[in-house]
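Down below are the structures I want you to see.
Look at the two complexes coming up: subunit A is in both, with subunit B in one and subunit C in the other.
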Partner chain A sequence: MSIRLTKGDMIANTIIYTILTLLVVVTLVPLLNILAISLSDSAKATAGLVTIYPLGLSWSTYTTIFKDHAILTAAGVSCQRVVLALVIDMVLVVLAAYPLSRSKKAFRSRGIYMWIVIGTMLFGPSTVPMFFTVKDMHMLGTIWALVIPGAVGQFHIILMLNYFRNIPSELEESASIDGAGPWRRLLQIYVPLSMPIMATIALFVVVGNWNAYYDGLIYSMKTSDFPLQTYIQQLVVNYDTTIRDVDQVRDLLAISNRSLTAAKLVITMIPILLVYPFMQKYFISGIMLGSVKE
Partner chain B sequence: MKEKKIRSLEAVHYHVMLLPTLILLAIFSIYPTLGSIMAFKYFDPIEGIWGSPWAGLDHFKMLFQIPEFKQITINTITISLIKIILNISCALAFALLLHEIKKRWFKRSVQTIVYLPFFLSWVIMAGIFKDFFSIDGLINGIIHRLSGGEPIMFFNSNTWFMIIVYVTDVWKGFGFNAIVFLAALTAINPNLYEAADVDGASRWAKLVNITLPSIKGTIVLILILSLQGILSGGFDQIFNLYNPLVYQVVDIYDTYIYRMGFQSNQYEFATAVGLFRSAVAFIFILISQWLAKKYGEYKVF
Partner chain C sequence: MNKKMKAAASASLIAALLLTSAACGNNADNNNTSTDNNASANNQDKEQAANGGTGDKNGTAANAAAPAEKPDPFSKMTEMVEFTTGISLSADAKPPAGESFENNDVEKWFEQNLNVKPKMAWSTSDQNFAFEQKVSLLIAANNIPDVLSISVDPNGLSILKKLIKADMIEDLTQVYADYASQNLKDSIALGGPDALKSVSSDGKLYAIPSIADVETAIPVVWTRKDWLDQVGLPEPQTLEDVETDLKAFKDKFGAGSLPSQQNIYGADTASFDFVFGAYNSYPGQWIRTADGSVGYGSVQPEMKGALERLAKWYKEGLIAKDFIMNDSNKAVEAIAKGKAGLFEGAWWATWYPLPDSVKNDHNANWQATVLKGVDGIAHAKGYGAVRSFVVVKKGFKHPEAIMKMLNFAQEANTKKLDWYNKLTIDDGAKYLNAKMPLLPVSVSAKDPHEITVRYKAIMDVNDGKATMDAADPETKVQAAAIQNYQKAADKFADMGLWSLANQFYVGAAGLVKNPVQQTLPAFIGSTDLMQKKKASMDDLEKKTFLEIITGKKPIDAFDAFVQQWNGMGGADITKEVNDIVGG
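And then the complex of A and B:
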């Protein structure tokens, strides 16, 4: 590293550090603002006085949430879908990726299956026929409507099979000579060696399912079927911004409990914040793996 | 001979492994895609999609006649293009700035914070921004304290609304979108910089002559791949932020399809719009893949 720093270099460094620090601040302010509102005294929050620290610290919004049946039910639906999707999606992706990672010589039908996987990824169904399909399967209003239609992740299969292909084939060949069939080779050689990519895909599935709201919106029969994100969506999105008069909006805001809504948003963010450290470790390498050529 | 027999025996297991995926794709992907045939029918709930009478091209004729269709086409493409340009340039600028940082702890901390919004759903972000830009929100509070002026109703004005759409989209994604550029930057051979240092090149000269040419390929590739989403426009963001007052400027294909399908119950018409959108999007994907292969030396599949 060069020791001499010219005056120009020092100025440039200061500017770069300042810009990056500002970007960090800009990223954090909306998040800290909502956290501060959720922890503020309701009157102060409604008056719009809260910036990035709570005014009149109060936990009452959070205690209210833990007594609110509707949001707890929605959170339950979300947890249920995440767990079910995690198990089902992972089993499907491992089972599909293994045969597809074989050479054309070892598995002659591979080409056709690849076409189906990629074709369905590129040309997806429109929402209305999709809705009628879920309806015809008698899944509307059940947890399965949120789990099954999206259970096959074509992109995840491609990530996984690319990873499988990079595992040295000698390992498999020697197991084959010892008499291990395809199932044993998959479960005892491939799966244990693929933990990094499994973790990446598992995180994709968890985050994707936790954040999903649209399926909950169209496949639910009643509001108690809503997963948490759909519940929040109904709460914050349907509030009427069409009123043109400033005073009218003020009145509306006074009735709506601003700090309670803020607390609900914060609660919904928590699971993502919890898995975030792991995501940093795996997600980013996963994104890079996605660009690995077949 | 024996080896061949083992191979075909193993193939049976492979088919079994693929069976669950295949069944699910058949039911929830291929079947509903075929169900788009609804766009050519008059839907009768009792007869179902397949039994309903044919409508020929009636829904498509209507599609090309109504003025909204032209408007949403313009909106979708405009919004997508501006988002692509803003997202790529902001992510690139951020990556270049971060690349200049030598202190590892600082670099790490910045990355940890700016990647976060990418993982939060648009539902949450819409909730946060609707409060943030509301009449009593932080932004209007600052405006009031600085100028004492009347609060701005950000969500009711076409211009302000579009600014919010672009700003929040960049806010959410610039960090994460920079990952690919950062990877390309770290792959640059450090000898190039050392040689330039010996020649006494300035920082700017190194940026223009070494850094940018080295990652040119990546920039072009990302640009080409972004083309795939040109008919998307970002449904989750717009759907969760918009309101009827700004439909004229932000209504995109996907939001229109949702309202036609699930609010006006014009199932066939919504399907026709969806089919048109999918077909054109598919062409864009093929073009983009072809370009990526040709210019980016890249193959996704």
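And then the complex of A and C:
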């Protein structure tokens, strides 16, 4: 079936596509710039001459990176963290969201639990008490310090429970008539129906954990335990700090090679870029269309 | 005011939070493995240490025929002393395979010859004040390692005060008196009486300071000699000359704007520090004012002239219209691109940002100088002489072992230990490019006017007035670099050599052209009131200065600003600072 477009539709479409194209350009240009810098001569990059295509093309930055142990170690820490966080967060969020999505009649103290969840969202802990807690739980310097403190995303719970609530209760009722208990209802009715929101939350968890750098700085007790973004953060050198001797300048120079830093940024981007297309297939609306006839 | 201040502010916030918990902590958990209190050195060990290679120059201390009970600064400990410490590591550290901070040739030497062994409790990044942040958190958790070396910048002295107040560190007065080597004592004395005073409290010495040169802070004006020759102008001497040069560069090369950035002061590269200095004004720095009390540089009347001059430059287009949008990396792009012929940098600009300029244009001939002020005298800001300091945890059994380590560190850092030079600076040295901390704990006390002194020594060798062999090891390295550079067929093949050779030959030469009157900070660090109020005061200051420079407000707005600043808490903070400095 072809849709006939009126003149008004055509104009609207043109405007929409123009805006979308502009958005794409605005998003892509900085990425291309970083990519071009990573493939350029460092002196040209420092002079700000590189735009979206490389000057003095060379792959040397990338070969340097793959010989660099530090960045590979950091990437390993990041991968470990993302996998752990993904598993723990998804399990805990689903288990928390399901009971909280029940009606007040079915779960009487629901309000209290809800407020506890929302309360921790409103009043987050500051750095020092958090540090104390992590230290007293003997997690300092372990991968768990990066995973456990942020394991239950309150925001994720709220997203999830709202999605659960929108699932027609008739589905659940029919399942209980067939003899399904709460576990079975959760795992065989709710979870399979919630793939879009699960994928969304998984994406949040993966991107959030991949990009976090501050906790790595605080809780890691060795530079070799730094996750990737914490490692990258120390490369973005700012010469505004007052420098006291020449050795310091030379140290800064060694790590502030702009092409090399750009190449490292490109490398850290790739895994996240790869995640999106794989997630795409879950973002299909209308999965429940026609499941209930009223 | 800038990123650095923000980092400093957040670090100090943490520090403020921790005070309460640190104060009620205890020092019971002392992990020191060595239990022996016997610290007296014996003669046998002393000889061993001296033979171990302390070099001939420091022999005075080791060879002195001291009676057995007299403490020896270089003798071996009678039994193994282990201590824990935290270090900062460069992202670029490349230890040789299988080696680490705890396991390397330097560390082994100390283990064998001094019976001292470090254990790394933790390590963190050497960037973005990560080290200070970690230290602040660990003080809060009452979990500091046995030995810590803390940088004064940005909040080190405030941290020291907290450590003293919380009774977490050892009083080192006696240890310093008994065990510090003559060389170290003499070198620290060069920093003036305030050096030790700044790390003392109630007459007790709580830390061993490192003394750094104060001249690095002097803003240097770099100009392209090749361009000056083409327009027929001499090297600039005053702010008027700078204006003339910029206008001439604009007409001839289209490079009429001064590389500048959002941090209008307190940045090494492309700030306006040289303009403020010319008016004898020191924004952002606590200084001695005319009446002898300590005042904040940003609110002193001298600021007015400098701001007025900058407003004029902005109006005339000598400063880019959008300079507020630039950070230092953006500001130096014009230099690398060949679109700037004059900028403010440090004396070490041959390392940054000049190499990229020279690589892109081999004709660029950069020369350095310090401008004369409006009164005909060259004025400049300075850094405090104390750069960092070492503290020892309360209850650590052998602070004298740490003191001995520091004695050796001072010898090593002044390149007087042959075995250490062989490992670190000689051609093909094992750790030449390792970029890792090798000394278990380190101080370095240098002449505060190290650059001037060193420059003269290097030039003496270079001009044949002194021989290379007789030169100090540090001088030798520099003089050899200059000779190698002059011999090199392709001057730009090795940019590292270019930077090293020109660092003194051009950079330091510019620094010593005119005698410079430096104003050193009278107070460094932050106070309780500052932590509460200074951020909003800094915002007001930045806003006012930028509005004056960009012509949105007349220069008279400065007076209103000073009044407002005092009202917002500036007067109280000034009083607080004077109390600290005075008492």
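Operating definition for what follows: the second predicted complex is superposed on the first by the 216 of 294 C-alpha atoms of A that agree within 3 Å, B and C clash if a C-alpha of one lies under 4 Å from a C-alpha of the other, contacts with A are read in each partner's own complex, and residues count from 1 in each chain.
Here is the rule we go by: a contact is a pair of C-beta atoms (placed from the backbone, for glycine too) under 8 Å apart; a residue touches a chain by one contact, two chains touch by 3 or more.
Since we're looking at a predicted model, the values are computed, not measured.
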{"item": "Which superposed partner A:31 touches (first subunit B, second subunit C, both, neither)", "value": "first"}
{"item": "Partner chain in contact with A:233 - subunit B first, subunit C second, else both or neither", "value": "both"}
{"item": "Touched partner set for A:43, first subunit B, second subunit C, both or neither", "value": "second"}
{"item": "Contacts of A:70 with subunit B and subunit C, given as first, second, both or neither", "value": "second"}
{"item": "First, second, both or neither for A:280, with subunit B first and subunit C second", "value": "first"}
{"item": "Which of subunit B and subunit C A:135 touches, first, second, both or neither", "value": "second"}
{"item": "Winner by number of subunit A residues touched, once subunit B and subunit C are compared", "value": "B"}
{"item": "Subunit B versus subunit C as contact partner of A:221, first or second or both or neither", "value": "second"}
{"item": "First (subunit B), second (subunit C), both or neither touched by A:18", "value": "neither"}
{"item": "Subunit B versus subunit C as contact partner of A:102, first or second or both or neither", "value": "first"}
{"item": "Doubly contacted residues of subunit A, that is, touched by subunit B and again by subunit C", "value": "46-49, 126-128, 131-132, 218, 230, 233, 235, 237, 239-242, 244, 246, 249-250, 253"}
{"item": "Residue ranges of subunit C touching subunit A (in the complex, touch as defined)", "value": "2-4, 14, 17-18, 21, 89-93, 120-128, 130, 133-134, 137, 140-141, 143, 153, 212-213, 216-217, 261, 263, 266-269, 327-330, 332-333, 336-338, 346, 348, 351-353, 355-357, 359-360, 383, 387, 435, 503"}
{"item": "Footprint of subunit B on subunit A - complex, ascending", "value": "1-2, 8-9, 12-13, 16-17, 19-20, 23-24, 26-31, 33-34, 37, 46-51, 91-92, 95-96, 98-100, 102, 106-109, 113-114, 116-118, 120, 122-134, 136-137, 148-152, 157-158, 181-183, 186, 207, 210-214, 218, 229-230, 232-233, 235-237, 239-242, 244, 246, 249-250, 253, 258, 261-262, 265, 268-269, 272, 276, 279-280, 284, 287-288, 291, 293-294"}
{"item": "Complex contacts: residues of subunit A adjacent to subunit C", "value": "42-44, 46-49, 70, 126-128, 131-132, 135, 141, 217-218, 220-223, 226, 230-231, 233-235, 237-246, 249-255"}
{"item": "Subunit B residues touching subunit A - in the complex, by the definition given at the top", "value": "7, 10-11, 13-15, 17-18, 20-22, 24-25, 27-36, 38, 48-49, 94, 97-98, 100-102, 106, 109-110, 112-117, 119-121, 123-124, 126-132, 134-138, 140-141, 150-151, 153, 155-156, 171, 174-175, 179-180, 183, 197, 202-203, 236, 239-240, 243-245, 257-258, 261-262, 267, 270-271, 274-275, 277-278, 282, 285, 298-301"}
